[in-house]
Amino acid sequence: MSIKVRYFASLKEALGRSEEHLEFSGLASVGDVWDRANPNKALPDNSLAAVNMDYVELNDPVKDGDEVAFFPPVTGG
Amino acid sequence: MSIKVRYFASLKEALGRSEEHLEFSGLASVGDVWDRANPNKALPDNSLAAVNMDYVELNDPVKDGDEVAFFPPVTGG
Amino acid sequence: MCIKICAEAFDPWQAIQAHQYSAKELAGKFGATAVFIGTMRDFNDGDQVKGMALEYYPGMTEKQLEKIVAEALQQWPVIDVLVVHRVGDILPNEPIVLVAVWTSHRGDAFDASRYIMEALKSRAPFWKKELLESQAERWLVKNTDGYY
Amino acid sequence: MCIKICAEAFDPWQAIQAHQYSAKELAGKFGATAVFIGTMRDFNDGDQVKGMALEYYPGMTEKQLEKIVAEALQQWPVIDVLVVHRVGDILPNEPIVLVAVWTSHRGDAFDASRYIMEALKSRAPFWKKELLESQAERWLVKNTDGYY
């Protein structure tokens, strides 16, 4: 399946990229998406995740065509 | 002693006057001022009283030269 | 700090803007502004209302408003406060009261502005008389609470 | 209801005035307006701050703000809401966020505006990076709470 992965703010800067596409087969969770995109690199504590622009937990599932995003705690307002 | 008495809003309209001067001798409370100014007429329930523009209770004292005011609950804002 | 009793209609947004821009020392120093505006509605208690007369107690009203603002300043780190209240004849859709509070942080602005409004509603000597469509007049007898 | 993401500086008082006056159906119907404005300060955490870059997640930011406003509408009888949030490069003394809520009664306006602000602070995807006087840049790591 095909997943679009996006990173924002300090996480984007730390990784040095803002967006990538992953292709793989089989069921997967949001946490799996991070692990495949960033092998041997832990997702920083307190990071937030979204699928299709809604907040999710790391063990929530992803499906073909999803947009998955990882980012630090928000600091707007 | 000399006391200036003032009435506001619906109480002023009910009494038909806004201001008067009382002259009498001896110690008196705020409630006494009402009774002397309005013999045989009870101060309406929930009325508020002020001496020199600060809120007071009816048994608080008055002294020569005070301005005493009676008015209904406030409805500003 | 500025407390105004105002016998003419005012635009609340212009009043705040003018106050904020005239207080040059505020620039860069405040992070939060909380504002409350009370506006006259054209209906109340099931009746169409054509207008309102707002009576006050000159001297005592200002004194009580100053006391209320001083209480807020004691309780929260407030940088500036603007309070404006109409008196006299008011038409529907005109603002009646404006409370604006400038602070460093948002919790203080929310708390202080609400404190000032609730205290004003219960203690500042203002009285409203409504003029109904039927030409009848009626004094409001009690402010509703703000379930604070 | 109006939610705006705004890449240029805006005057919050003019924005509210324009929104209110363009919504003709509001006239005479609302009794209370509660407003919160967050403004950039020129210092933070003991450092002089020259400017700020505000990043967001186009699409998700709007979606989350709409969800937050919908939650407020479910909880309180709200007549209208305006939310404006800056993105991009911001200078000290420029407004960052504006939340305005129009209701019939004041308790609802206070509660709904504070709810929207707190939810925005914790859930709307915006990120601030400060540019210090020393030329160093730093990401803010966490919003302070509004002790709500």
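Note that the chains are named A, B, C and D in the order they appear, and that numbering of residues resets to 1 at the start of each chain.
In the analysis below, a contact is a pair of C-beta atoms (placed from the backbone, for glycine too) under 8 Å apart; a residue touches a chain by one contact, two chains touch by 3 or more.
None of these values were measured; they are calculated from a predicted model.
Counting hops only between chains that touch, chain A reaches chain C in a minimum of 2. Chain geometry summary: the mean Cα position of chain A and that of chain D are 27 Å apart. Centre-to-centre separation of chain B and chain D, using mean CA positions: 48 Å. The centroid of the Cα atoms in chain C and the matching centroid in chain D are 22 Å apart. Across the assembly, chain D contributes residues 38, 106, 117 that each touch 2 or more other chains. Shown for chain B are the residues in touch with two or more other chains, namely 77. Of all possible chain pairings, those that touch are A-D, B-C, C-D. Chain B makes touch with chain C in their complex at residues 6, 8-10, 13, 46, 50, 53-55, 69, 71-77. Residues of chain D touching chain C in their complex: 11-14, 16-17, 20, 27-43, 92-93, 104-107, 109-110, 114, 117, 144-148.
By the touch criterion stated above, chain C contacts chain B in their complex at residues 38, 54-57, 59-60, 63-64, 85, 96-97, 117, 120-129, 139-143.
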